[in-house]
């Protein structure tokens, strides 16, 4: 039995690689999916495919159509969603991905520093599990396969 | 035919009253619901019902169980969700309520200043309609009942 | 027991009034809903609420957000959808409303002249009932309440 | 991870082959499905299987049962639906396939010339992405697999 | 709290009236719905609305579209379905209504003489309750409202 | 806006009346529903309606069909489920009602003495809210209606 | 792309083998599933697994639990259901399987002699396709894979 | 065609191994999944991953988040759920897993000694099949694959 796990959250450091390499070490039968991690490309994908847009709002709208297309397809395929929040990148779209996952009855693992407990209290309450580090998330994934 | 509309967003000024009074003036057959608007009470409701909690994280967890209970029941009853974002209150739980609404196939009207177009681009793309003022949202609601 | 019926189709003549008045005569406990029937207003509603748009595509996009918001809310409320097609107005959005209704498992009554049987064959096949006149549709609605 | 993509639209030129060959070049792990592309066979399949029908309406009804059986099975299997509209073939059944896809929460990519923006405005608004050429649609599919 | 109960089964004797009058006596807050009970009208409704059909198969198809339209709308409204089977009228469409009810997660009460236990064993197994008389079915409905 | 609340749990003392009277005092617009509270009648309802059964297993089976019919209809109508567990009555069917509620996405309020935290830990984790007294549950219901 | 097809209907002659061998000849990528075809075993499976039952009704109930368990699992796996009706075996459980399939939105192909058009008119109307021979059903399945 | 079967119930003896080895002997194409079977580890997994918790309730809450995460993912993957109840281990969470399975429309096989028929009567009534031994459950699974 294999699982697909969607990794939602900021794309500014290598937390996804940390999770993937730890899962590889544990030989977990998991396929990881997630957003485009090249930030500039993610912001420009609308114009890259649809051509120059008249203004910044429309450039964003074009990009977000294509990023949402990707996210919608991949979250639907996923068995579990992991969402990471950090002090530095307080993105609404991570909250959106996490919330859509719970509404679609996908189990959600939330990774956040304890310092963010107050602003994330409602989302934490909807999550299946709240942890503080990517490594704890991997250990929870690993536990699913242990007997 | 009557509609139920959930008003998601910050509880620090009277934007909900603005929407309700304009809807009353137009005699729209709408029942508005939403979160507890007394901020202090919303933060303390966990301890108010369950008693003193050992620490701040658990106080928040207790409060968010009860606030989520309220939100879950009321969003399920709603025909439309309106979510307001502003410069000042960049709350993840507004994004969460908005995203859950779209995943539950409830139409979403997003109110946000144009200055927030970039951080809200993915959520805007999932909304049925994006406007800049409460008054525009009311006019859209009104349009549903006009013939 | 009351029913809500959504009337999809062109807004250029008074076929909806024909259905409504016949239903009134038969005293059927039905609430009829449907799109904005003032064509010019329907095309301009985007700019009316959101202000002047930069070009025709964006004007259409603004209008269609608001028209779809209305349609989505009302079709979800409906127990049955009636869609009328005619020689003159071969609108894709009537096909869209009809198809969304069937995918949402709402029974669909299709009204079309026999001359359109070929281009409408797939949609007819998904409909619960295909008739040629509004009066036949009303008789089918009436039959639901007879004992 | 593989995807299944349904290609809805006219069957009079080779736009599907264009998409397939570009996807092959990019080595995308996609299985493409779609309607019967032999137009005459599609129109005659009812009589081919069920025998001579009494008249043109019944011939069409027989054919559309079998074409809808095919479409229903394949759209249900699909992860994404691409629908192409053109100046020449303004088919209602393309609109029907596209609309059913969105109602079943399948992401929809719409391909249409800009000249059709007005008649397609409501359907465009329900699509995840609107592009003008098959090549742009393939680039959006490709983007889903890039990291 | 009121309930809607659909009464599926043959239309050749007055078993429905028996159920309705007993429910009235017990003052149960139930609205009963069901198929057209005038057998001849039920068979002819297709031609009554759509006009003379070319042959018996098409006459039946026309009638069944309209009867299914009625049944589909009313079963969807129902909270419970009661299906009666008897020695004399071994109708497939009663089995169809009963089976659709269970697949739509509507509780099903089956009324049948014990002599039919073998041919109805699979359907009985899917029912919430199997009884032998309409009076027993009414007593079960009554029990729902007692405290 | 009114709510329907299902009260699951033992039927050996008057905890339901405690909840109802407190809700009445607070004038909450709530209709409470629940199982048959007359224990003997609940155990005998199968034989009462279907007649004497051959043995104890079949007597139980007959009774449980009718009790489940009641519960299924009423939980489906409910907006919220409250389940009470106590030291004395460790019933599996309370756990069943509570678990079915959560799987049907009905918010669940669990009432249990703290002494039962260990055996109920998984169910507690699925509940929206865990409290220790009926009075706390009423205060949570009341909070939903406050502004 | 492979399909799973459930073959519902009588188990007294070899119509399933006819379908399977024709599908093999056409090399269709289909897995066929269906009920236990050994009639005696199907009737006795309850006692075979659960032991001697007190009477015929309970023997049937035991058998039907296990046959329904099988059918429920396999129909849920199926992409299409084919149901065969014949003059000789007018089984309610074939109607039940067919009706459950349509209610679960599985496309249904009905095979029946024209002589049965009247008693099957409502079920025919819910089917995606009605044919008269197994060979016609195979040709329709084959058409799904042709390009 | 392969099936996934979830084995719910106590983790204090080797009943799962009994089922697995019998299924292996019969060469059934089944993947069995289930809870963590190391009891101590199951109780401590919360602290193992999240660190020392302040008290027993919070230790249990941490453990149950992770155990429920595992169960939710695996039951969703399962085609059938088998739940075993015994005299000795009267666990509520077995009832919870069984009840969630039925509410998610997963067929449920209940294994219980006849002595437990009374307290399990409601859950038995929701099960597809009730047996007394693991071996009977395996024979029912085997029957699904026989032809």
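Order of writing sets the chain letters: A, B, C, D, E, F, G and H. Residues in each chain are counted from 1.
In the analysis below, a residue touches a chain if its C-beta (ideal position, glycine included) is under 8 Å from a C-beta of that chain, and two chains touch if they have at least 3 such contacts.
The model shown is predicted, which means the values in this text are computed figures rather than measured ones.
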Response to the item:
Given over half shared residue numbers means same and under half means different, the subunit E/subunit G interface is same
Worksheet entry | Duplicate of the C-E contact set - from E-G, A-D or C-D, the pair where over half of the pairs recur | A-D
Worksheet item: Roughly how far is subunit A from subunit B, going centre to centre by Cα mean, in whole Å?
Response: 24
Worksheet item: Taking each chain's centre as its mean C-alpha position, how far apart are subunit B and subunit C in Å?
Response: 31
Item to complete: With chain centres taken as the means of their Cα atoms, state the distance from subunit F to subunit G in Å.
Response: 40
Discussion item. Could you work out how far the Cα centre of subunit A sits from that of subunit G, in whole Å?
Written reply: 43
Worksheet, complete the sentence: Residues of subunit B that touch at least two other chains are 65, 68
Response to the item:
Interface with subunit H, subunit A side, in the complex: residues 1, 3, 79-80, 105, 107, 109, 128-131, 136, 139-140, 143-144, 146-147
Worksheet, complete the sentence: In the complex, subunit H touches subunit F at residues 56-57, 60-61, 63-65, 67-68, 71, 85, 90-93, 95-100, 102-104, 114, 117-126
Discussion item. Going by the contact rule set out above, which residues of subunit G touch subunit H in the complex?
Written reply: 4, 31, 33, 36-37, 45, 48-50, 65-66, 68-70, 72-74, 76-77
